[in-house]
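See structure below.
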Amino acid sequence: MEKYLLIESRDPYETREVENNYALASSLAIAGNDVTLFLVQNGVLPARKGAKLNGLQEVINSGVHVLGDEFSLRERGIAMDTLPKGIRAAPIDVVVDQLAEGRKAIWL
Amino acid sequence: MKVLQIIDSAYRCTIEEQDDPAVWITHAMKGAGADLDVLLCGNAVNYAVKGQDASGLRFGEIVQKNPPKLDNDIARLIGKNINVMVYSEDTAARGITEAQLLPGVRRVSRTEAPTIFSRYDQLWHW
Amino acid sequence: MKDKKTLTFSIMDGPYEQARTVTVFRLLDNAARRGYNLNVFAYEGAVNLPFSKQSKHPNAVHGHDAAEEDHPLPKDWVASLIQTAKKHGGALDWINCGLCVDERGAHEAIEGCRRGTPGDLWKWAQQSDNTLIVGTR
């Protein structure tokens, strides 16, 4: 098993490639890897309650650790206690932690 | 250390000297001893198509004498023993047939990504 | 302080036209406060981040003169990140891609930022615990 850190800075509403990125995260997890998908910048927009998840639910179901950057959530007025089940708010420290541990990291 | 260069941003640097900066830096780092392969995805799969021609740009009286030659740049990567792969789903979606691809370009499926990624120490997405 | 690590980042964007500058600066700030050794390879438009000729200006929409607005400039943030890393026992080394500098006329960089080549990025990556490429879009 390998460890991956995927950083998604874009949302699936403006950029179709994001759905491919979600599928990549799922496929890595289904293949038995430990995968974190860190949503940042507009990447957190699907984390608003009621937003269309456009494939993000499958990512959650596949066992990927889906995290939303606290600053990006706050900047967009998305309350951290209303995130969909399976998405957790997290500080950017997590990214530095996982880079430091040597995970395979991809800025998507 | 072996690195997979994942390139999806495409055709944004027609007037920049480097043709495509991600392809260019792959050449430059290879020259510095780097061990690299390339995976083209998204619109960048079109970089592997034969017969691209960006010549003829002229703004005012100034002509671009050395336009990008991305197909040539990709062919030269292959000539340096760099594996160049394209996602077959992305070529198919864009109507790119195998016959239109440069010789030596390998088509792989997105479903193979976990296996492909496992072969590299780092994944650099440009 | 956590174990000292070395991280390399490559960034490609100029300061303002996208959100990646903010996120990368946040990552650098976080890692600098841990005392990590940090390398930044500025490629393409990112060579403008430490451009020393940036200057503050008034903001009529805010009703502020330059002093009241006191808007931090990217070059000052880069300088501050370098100082922060040093203060916490680490270092931040910044290389601007030389050809990118030439194309953009961005030769005057602040102290602590120097000119280099893609070979430097590869060398750094080999010496680092990890490397993150932040591509432009």
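In order of appearance the chains are A, B and C, and numbering begins at 1 in each one.
Keep in mind that, in the parts below, a residue touches a chain if its C-beta (ideal position, glycine included) is under 8 Å from a C-beta of that chain, and two chains touch if they have at least 3 such contacts.
Note that the coordinates shown come from a computational prediction; the quantities given were computed from them, not determined experimentally.
S.K.: Given which chains touch which, is the overall layout a line, a ring, a star, complete, or other?
M.R.: Graph shape here is complete: every pair of chains touches.
S.K.: Return the chain pair with more inter-chain C-beta contacts, choosing between A-B and A-C.
M.R.: Of A-B and A-C, it is A-C that has more C-beta pairs in contact.
S.K.: Per the centroid of Cα atoms for each chain, what is the distance between subunit A and subunit B, given in Å?
M.R.: Those two chain centres are 27 Å apart.
S.K.: Nearest whole angstrom, what separates the Cα centre of subunit A from the Cα centre of subunit C?
M.R.: So the centre of subunit A lies 25 Å away from the centre of subunit C.
S.K.: Which residues does subunit C have that touch at least 2 chains other than itself?
M.R.: 130-131, 133, 135, 137, in rising order.
S.K.: Multi-chain contacts only, two chains or more: what residues does subunit A have there?
M.R.: 105, 107
S.K.: Would you mind listing the residues of subunit B that make contact with two or more other chains?
M.R.: 122, 125
S.K.: Flag every residue of subunit A that touches subunit C in the complex, lowest number first.
M.R.: Going by the criterion above, the answer is residues 7, 9-10, 40-42, 69, 71, 92-93, 95-96, 99-100, 102-103, 105, 107.
S.K.: Spell out the part of subunit A that touches subunit B in their complex, as residue ranges.
M.R.: Interface residues on subunit A, with respect to subunit B: 2, 4, 17, 20, 23-24, 27-28, 30-31, 33, 104-108.
S.K.: For the complex, give me every residue of subunit C touching subunit A.
M.R.: 2-3, 5, 7, 19-20, 22-23, 26-27, 30-31, 34, 36, 129-135, 137
S.K.: Flag every residue of subunit C that touches subunit B in the complex, lowest number first.
M.R.: Where subunit C meets subunit B, its residues are 10, 12, 43-44, 99, 103, 117-119, 121-123, 125-126, 130-131, 133, 135-137.
S.K.: Can you tell me which positions in subunit B touch subunit C when the two form their complex?
M.R.: Answer in residue numbers: 1, 3, 9, 12, 16-18, 21-22, 25, 28-29, 31-34, 122, 124-126.
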